[in-house]
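After this come two complexes, each holding subunit A, first together with subunit B and then together with subunit C.
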Partner chain A sequence: MPENLNIPDHRKLKAVYLIIVLHTMQIGVGIAGYPRIVFMEAGRGSLISLIIAAIALHIIIACIVYVLRSFENQDLHGVLTQFFGKWFGKIITFFFIIYFFMLFLSVQVNYIEFVRVFIFPDMSSWLISLFLLSLVLYAALGGVRVAVGASIVFFFGAIWMVGLQIEPMTYIKFDNYLPMFEASPGELLSGALKTSYTILGFELLWVLYPYLNEKNKVHRYSQLSMSITVSMIIFLTFVSIGFFSDEQLKELTWPVLSTIKIISFPMFERFDIVTVALWMIIVLPNLILLCWMTGMSVKRVFGGKETYYIFIICLVAFICQSFLDNRYLVGSFTNLVGQTGILSGFLFPVLMVPFAMYHRRKGAKNHGKQS
Partner chain B sequence: MVNNRKIIFVFISLLSLMIIPGCGHSKNVIEELGVASAYGLDINEQQQLDGTTVLYQFNPDITNASQIIRSTGETFSMVRSNANKKSGYKIVNGKLDTILFGPTIAKQGIVPYLDTIERDAAISNMLYVTMSEEPARDILSASNYEEAPNIGVYLHSLVDKSVRNEEIVSSTFHEFMRSYYRAGREPLVPIISIKENKASIDKVGIMHGDTHVGNLSLDEVFLVRLIRDKFQSGRINLEMDIEPFKQYIEESQHNSRKDQMYVVLDKLKNNTQIKLTNVDDLTYKVNVNLNARIIETSQQMTLENPKVVKILEQQINKKLEEDLKTVLKKSQQINSDVFGFGVKYNNHTRGEELTREQWQDLFPNIEVDYNVSTEIKRFGTVN
Partner chain C sequence: MKRRSRQSNYFPCKVETLQQDLFSDFFNSSPDLASKKVSVEGKTAIIIYMDYLVKEEEVFSHVTTKIQEAKQLDYQTIESDIPITDIMELKTLDEIGGALLEGYVCVYIEKEKSSLVIPVPRIDQRKPGKAETETLIFGPRISFSESIDMNMNFIHKRLDTKTLTVEKFIIGDMIPTEVRLLYLSDIANDEAVQEMRDRLNSLKIDDVLESSALTQYIEDNSYSIFPQFLVTELPDRFCYSLKEGRVGLLVDKSPSGVIAPVSFLSFFQTTEDIYTRWNMGSFIRLMRIVAMFLSITLTPLYVAALTYHYEIIPDALLVSLGHSRSRVPFPPLLEALILEFLIELIREAGARLPTKVGQTMGIVGGIVIGQAIVQAGFTSNILIIIVALSALASFTTPSYLMGSAIRIIRFPLILLAGFWGFIGLIFSFAFIAIHLVKQRSLSFPYFVPIYPFQPRDFDNSFLRLPFLWSNKRAYSNRPKKIRRFQKPNR
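Entry: the complex of A and B
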């Protein structure tokens, strides 16, 4: 049985950082194309789909925190080995490592796709990837405190971009929302399932938990973070649906970026280009934290030094991105990650709850015997 | 020591951040670019696209910064690349702000030529889609374009000013496509015509999908806009019967020769509600509440008298209701729903999305009951 992770106090983080860190982890490349994806499934019921997904999200967070709090100071790997024994735990964590890596890769290739469509059509993807990964390496090698610090800085660097939706809001036609309750429950549900890729990223909590102070506040702050994410996605989806007519929305790959296309300042004729460039600020925390948590999980399974693993992860990601260089592949890969996310992000915590309950009861019994 | 090395490292990285980009994309040097500000498209006798490209350059040495290039091709992109062959400048489309379709294309449908604008992220979504009833190349070769650098910029400011002054319905590419994809509210596209070598807008084209099927005069556009949009400070010129006002018109002018009078309303604001009262019979009730101020009357009346204002308001209501009915009839004859009644119908029916064909069958049979109520807020410095 592995010992509790012993993290010295000076390496720990305040729980309040969770509000920002989890939020920046969730918002990334998915949101840019999300309104179309959900609209394709649920039509004008998209917002209802989104709310269904949001409720599920809040429940999942409650589950994750419940499972983690059954132990004093364990991360995902620790929890799994406690439940399933050493080897089986390692195998499951290994699957999670692959899943984290897929998320990492999908964020990267999607962002490269943005840049190549909007700004530099003839820029080679390996160059963009090199730029991204060098920044990721820099932050991830610094350890958890640098990774979290970077995402907080980037959060404040990017949050103002919500304000860019004000001009598109003036173009909203309210009859684009009507008739509102048209979609069947099946459509609403599949819309909610398609939301998965956009709101994935809360898995960070599994890995970050041992590094947090004030464990009793973790639940509160992570729920708050989820509600910030959800309200932001609801807002962006609302604007996109009102801004485009239905068939038009279905034609666009990245509706959120297309809404920004109408903004023009005297000194910036085309602000969307600036926005796509600045989107890197939104994407970087994703990449940094994913890289760190993948490296951390690998270390937990195989032992050894985290630094080497982070280098290897970046190298593999650098090689893999060159195979995902057309829209079709990027799209289907993203889809695949989204579907994997439904299992490993959403379903997995629920499955863990019974084990955690069993563990708690056993712990209570043991405790009872001792006294 | 370590600290020193760190500082040097940071310094070198920052320096390289500034210098390295210079090695990258130096393909577009601004003096070597021809910035396309307008395209005009026609179809010639060989059924090829006949494009006119209006360019301007940022080279400070040039005196005539405007260039017009004609080229042909099978697709819009071909036209663009053929224009490129005829110019010493590299033609770029980042500042494209007007696209003009000649009558040959407008009759066939313009959307096939708009695809590349939507697909190419380099082209703005805020460019204006316009049409003309003369060949587009004739419009673009007009030589009088005020102080603008070229005809493309002039056309853009012409349309943009009219949209801002709420004289026409905005037809930016985004809004055109939005109406195009939405069955039940047809796009309206301004028609550029040329008089004495100068381009101007004096009517607006009614589209059916993407084909040009009829025209509205600017007065009619006001009425359409009253139903379809919101005025912030509109202006309208109303011609009215003098009869109801006869007793209030001041003595000195009583022996006026005319039996018509004119009232100009300014700073007009409206609030329009469309209600579908009966889904099966397709009867609508439209309530238009508007308030405005009077800026000109052709007859002197004592507007201080509330009775006069009341009569005036009633007359305006009656007049607008009649005019709205006429425009509706006209659009029903063309069978193109410019008001957006179809969208309202779709909002009330669940299930199947309304298609353009379905609405085409239903639209000629709809009945609309207009109810306009005007409030005259103020009437200037004279009573």
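Entry: the complex of A and C
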């Protein structure tokens, strides 16, 4: 059985950072296209779908924290090996590594797609990828402190962009929300399932948990972070649905970016170009933290130095993005990641709960015997 | 001969031998080694000194005369006759030679087993003057001088507390230089003090040169463009930092003190912000940060917008921009680089030339070249405004090193913006942000209070809140006592 990860106290991070870090992990490329995706499924019941997904999200976080708190200081790999033994645990972690990498890749290719559609249609994808990955490498090589620090700095650099939605808000037509309850339960549910890609990213908690101080506050802060994410998505979806008519909304791939098209400042006629470039700051925390957590998980499975794995991950991601070079492929790949996420992000923690309960009971018994 | 001088039982010897040995062995036949023989009651003594290292009048009045008038010639009598403290007895030639170099006078009485050295050093120093690079409008203007004694005097006068601790280090193998480590023992963080002590102890170099050179030997990341230690010439600011729980260094023969650990934002603060009223202080601090941001953004933004993103420029502006750029044959990137380079040239030339010529240079550079370059169709009017504005903004940074760093960073930013538009621009911002997060100053985080996020420090970093609201020292320095004073009950 693997020992608890021993991380010295001075290298640990404050649990408060979870509020920002989990939030930046979730908000990324998914949010830009989310209103359309959910609208295609649930129509005007989108917000209801979203609320269903949000409730599920909060429950899942409770599950994850419950499982993690059955142990003193374990990450995903540690938990799995405790439950299923060394080899089986390693195999499941390996699947997670692939899943994390797929997330990493999907964020990257989606951002490349943004840039090519909005700013530089002719810019080669490998160049944008090189930009992103060099930053990711630079940050991820600094370890967890730099990864988390960069996310926090980028969060403050990007959060003001929510304010850009104020102008589109003034153009909202309330007819667009009505009739509200026309979607069938099946449509609502499939809308909720389609939400998965947008709110994925909370898996970071699995890997980051051993690095946190004040474990008793982890639950509170992660739930808070989820509610921030959810309220932001609800707000953006609300604006997009109210701003566009339903025919328009179904045709726009990235409604959130399209709402920003109408904004103009005295010095900036078209702010959407600036926004898409700035979206890099929203995407980078995703990539940096994903890269770090993938590297960390690989290290936990195979041993060795994290630095090399981070290099390898970036190199593989650089090669893989060249195969995902058209919109259709990117779309279906993102879909695939979203569906995988339903299994590995949402279903998996629930499945772990019985094991954790068993482990706790066993632990309590052992403890009783000893005393 | 050589061997003999190293021996510990060099003495007793003849006075002529001592003089000859010092002259030929130690001072390479220097013409400035002065000596005088004195005979009292049959005993012979010799007085030797380097004439430009001692105060000669004092040697004549306090040493030579006293020995000549002495009733009998032995060291006790001389020591009690001479009104100078810190007289030492030395036994080897090496020690004597070293002492002579530090401004001692050597007195040797024939047949004695040791020699007497008396300190009469001549230190020519400038009077404490006004600060030149960190000028203040409001507040104490005195600056450090080149003598460590005088600098210590400044600091002791300002920090009249028994907790001011001073540690002495001698650094440099070839040219030993005195370095003093200063901190307030009841406030400064022990880890910071220990870290600085370790770094100084493990430093093995030939020569310190200057305090800002010393910082480059002991800083955390030598490859970064950002300074990680604050070098200041204001005793006032130095003492303020010590009171905040930081650690200070003074280097002999250097007119500036070093402060660590510092954060990125410390470079945009002056003590003047504290002397003025809080609202002005806050406004000026915020303005400096905005100015720094503008200084590195404006020109790259112009280049990016004009090269790739015409559509973001509003119609009204586009007309005048197009008009002023219509005669320019270069792409915006080249245009901006030429002008930025020109501004740097004018700045550098102005700094190197004597003051009077320098002013002329400013006028020639600023007005004549600026006017001519537009008429010749090299650059557009608007770019001149932008470049001048960003140069101006970069000079608002109180620290010279940080100001220069900001001016230099602009060039890679302009290049990236010229090649890849906004993507290049945002890339470079992200890179700078990650870089700043990675930096440490004396192993303390550099980018506080943003990361590690420390909202309790905002009162005296971005802003300068009234003292009633900010009665605590910065949490990020982890001082031993966080509270400066109790809030009055009102």
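We take it that the second predicted complex is superposed on the first by the 371 of 371 C-alpha atoms of A that agree within 3 Å, B and C clash if a C-alpha of one lies under 4 Å from a C-alpha of the other, contacts with A are read in each partner's own complex, and residues count from 1 in each chain.
Quick note on the criterion: a residue touches a chain if its C-beta (ideal position, glycine included) is under 8 Å from a C-beta of that chain, and two chains touch if they have at least 3 such contacts.
These numbers were taken from a predicted model, which means no experiment stands behind them.
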item: Simultaneous placement of subunit C and subunit B on subunit A, clash or fit; value: clash
item: Touch count on subunit A, higher of subunit B and subunit C; value: C
item: Contacts of A:F156 with subunit B and subunit C, given as first, second, both or neither; value: second
item: Partner chain in contact with A:L287 - subunit B first, subunit C second, else both or neither; value: neither
item: Which of subunit B and subunit C A:I31 touches, first, second, both or neither; value: neither
item: Which superposed partner A:E269 touches (first subunit B, second subunit C, both, neither); value: both
item: Subunit B versus subunit C as contact partner of A:F120, first or second or both or neither; value: both
item: Touched partner set for A:C63, first subunit B, second subunit C, both or neither; value: neither
item: Shared contact residues on subunit A - subunit B and subunit C; value: 120, 123, 264, 269-270
item: Of subunit A, residues touching subunit C in the complex; value: 14, 16-17, 20, 115, 119-120, 123, 127-128, 131, 135, 138-139, 142, 146, 149-150, 152-154, 156-157, 264, 266-271, 273-274, 277-278, 280-281, 284
item: Sites on subunit A touched by subunit B in the complex; value: 117-118, 120, 123, 171, 173, 175-176, 178-179, 182, 244-248, 251, 258, 261-262, 264, 269-270, 272
item: List of subunit B residues in touch with subunit A within their complex; value: 25, 94-95, 118, 121, 124-126, 172, 174-175, 177-179, 181-182, 340, 343-344, 346-351, 353
item: Subunit A partner contacts - residues on subunit C that touch it in the complex; value: 308-309, 311-315, 317, 420-427, 429-431, 433-438, 447, 450-453
